[in-house]
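In what follows, structures are represented as structure tokens.
In the two assemblies presented below, subunit A is common to both, partnered first by subunit B and then by subunit C.
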Partner chain A sequence: MKIAEIVKSCKLQVLSASGSLDREAAGGYASDLLSDVMAHSNKGDIWITLQTHPNIVAVAVLKEICGIVLVNGRKPEQDTVSKAESESIPIMVTDLPAFELIGELHALGLRGKR
Partner chain B sequence: MRAEALLHQEYAIRGGDFVNAGESSCKIRNTLRQIGIDSEVVRRIAIAAYEAEMNVVMYAHHGKMEVNVYPEEIRLTIDDSGPGIADIDLAMQPGYSTASEEMREMGFGAGMGLPNIKKNADVFNLTSRVGKGTRLEINILLNGKNG
Partner chain C sequence: MLKCLRADLHIHTCLSPCADLTMSPLRIVQAALARRLDVIAICDHNSAENVQAAMNAARGTDLSVCPAMEITSAEEVHVIGLFADAGAVLNMQKKVYDNLSSGKNDERLFGEQIIVNEADEIMGYSDRLLIGATSISIEEVIAGIHELGGLAIASHIDREAYSILGQLGFIPENLPLDALEVSSRIESNQAKHLFSQISAHPVITSSDAHNLDEIGKGVTIFQVERPTIDEMRHALRNENGRRVLLEK
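Let's look at the complex of A and B:
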């Protein structure tokens, strides 16, 4: 499923790399521990987190994560947005808590295991 | 005698610089991809390099990450000037961390860094002198255990 479809269905707000939304999300991963994401996320995952600092972009690049969704109305730091822009990593935000958003993503057919 | 490295790169890492943290690892990953290293090997190097780089950023004053590509393996060496590790066995235990509350709130300090590195390495060598610094050497075989 393309990120653009997820953005539309889940009413996400896109804050960076809006030109990269035709990328496919192959699955999803949710965690706020960066080492856990490094160890257990899969290539092509969309990543659900409440971390907002610039290091999340490095994690996404290194693990080939297709996009990051910040939940609970969290906003990324300015450095995070500029890094995400230069690395073409879409950062999206929602007011929903993680549990609700992940429920919606699951209903759309995205899975955490594959 | 070791063959000459096909590729050699060095990156300086600044302790406490959380804004640029991870960039050296990203550059190493991009280089290895560009020269056509197997994607599974690149994935393992990327994880190890990131965790090692973050350890320098979190705990040390400064450090240097060096990558050498040989015909049979990739060798990653990270040297830092910092507090060192008093008890390496303890530091290797999953879940053990000396990270500050602030770092934990940022999602660091899960106590998974060193175990993650070891899991992805074919050869893992960690040496440290308290008050001086730490040296981490890992090798990943190009035809290695997961490759």
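Let's look at the complex of A and C:
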């Protein structure tokens, strides 16, 4: 499923790399511990988190994560957005809590295990 | 005789991937002296390989350099360990390296990790993933620091990222921290007011400098006889007339 479709059906707001939304999300991963994401996320995952620090972008690039969704109305730091822009990592935000958003993603057919 | 020593106990060098490349031990010492600091602590992320160079660079000056490290716990909480001598911090470093997340630093994504000597000469580059986390729980990090005679301080608790409040939500009651650090972004009286309600721990402030301009932006005054770990411990505990004050 393309990120653009996820953005549309979950009503996400895109804050960076809006030119990269035709990328495919192969699955999803949810975690607020960066070391855990480094260890356990899969290539092509969309990542659901509360963390807003610029390091989330570096982790996403390293792990080939297709996009990051910040939940609960979290706003990324300015450095995070500019780094995400230059690394072409879409950062999206939603007011939904993680549990609700992940439920929607699951209903769309995205899985955490594959 | 008690003196008032101006201390900035949280300064990164060019070994930290996120720090400015100009943060060489020699330049840090010069900047600290120019800003009339009496004590600094060299705190790189999960490494102490530039500590000895900074101590050497300060030799013969009025500046004391405290060997230290900013350790990332398994919960991704930053904890500063301040030590009495370079041997102790290197022992801590061994424990940290043994438990640091595997993988190599990506210089393009995270930044260079430069090991420098006291004359500003590049000795090498660390390829460890210093930005990563250790698998050591915060309790064990603090216990490890204490076993080596050091002081354990929770970093920048007023910030969301990598702080004990951001990661754990509150400060566990029986955690034997020696102090809590607030960053210079928050006004010190406001900090004392905010954080005295949630914890009985003493509060200090430091710059968490990642570039030369930031050195001395957060200063804690230690009223002590000498700039030693034992004296600083007394000051944090308000013992024997020793005490700490946050500089405005």
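Some points to look at:
Keep in mind that, in the parts below, the second predicted complex is superposed on the first by the 114 of 114 C-alpha atoms of A that agree within 3 Å, B and C clash if a C-alpha of one lies under 4 Å from a C-alpha of the other, contacts with A are read in each partner's own complex, and residues count from 1 in each chain.
Note that a residue touches a chain if its C-beta (ideal position, glycine included) is under 8 Å from a C-beta of that chain, and two chains touch if they have at least 3 such contacts.
Just so it is clear, the model here is predicted, and its values are computed rather than measured.
Superposition model on subunit A: subunit B and subunit C are shown in a clashing arrangement. In the superposed model, A:Gly44 makes contact with neither subunit B nor subunit C.
Of the two partner chains, subunit B and subunit C are each touched by A:Asn55.
Put simply, more of the residues of subunit A are touched by B, taking subunit B and subunit C as the two choices. After overlaying the two complexes on the shared chain, residue contacts for A:Ser35 are found with subunit B and with subunit C alike.
When the two structures are aligned on the shared chain, A:Gly112 is found in touch with neither subunit B nor subunit C. In the superposed pair of complexes, A:Asp79 makes contact with subunit B only, with no contact to subunit C.
Shared contact residues on subunit A (touching subunit B in one structure, subunit C in the other): 33-35, 38-39, 51, 53, 55, 58, 61-62. Residues 32-36, 38-39, 43, 49, 51, 53-55, 57-59, 61-63, 79, 87 of subunit A are the ones touching subunit B in the complex.
Looking at the complex, you find that subunit C touches subunit A at residues 74-76, 101, 103, 106, 109-110, 131-133, 160-162.
Considering their complex, residues 33-35, 38-39, 51-53, 55, 58, 61-62 of subunit A touch subunit C.
Taken in their complex, subunit B has these residues touching subunit A: 18-19, 21-23, 25-26, 29, 43, 46-47, 50-51, 54, 106-108, 110, 112-113, 116, 119.
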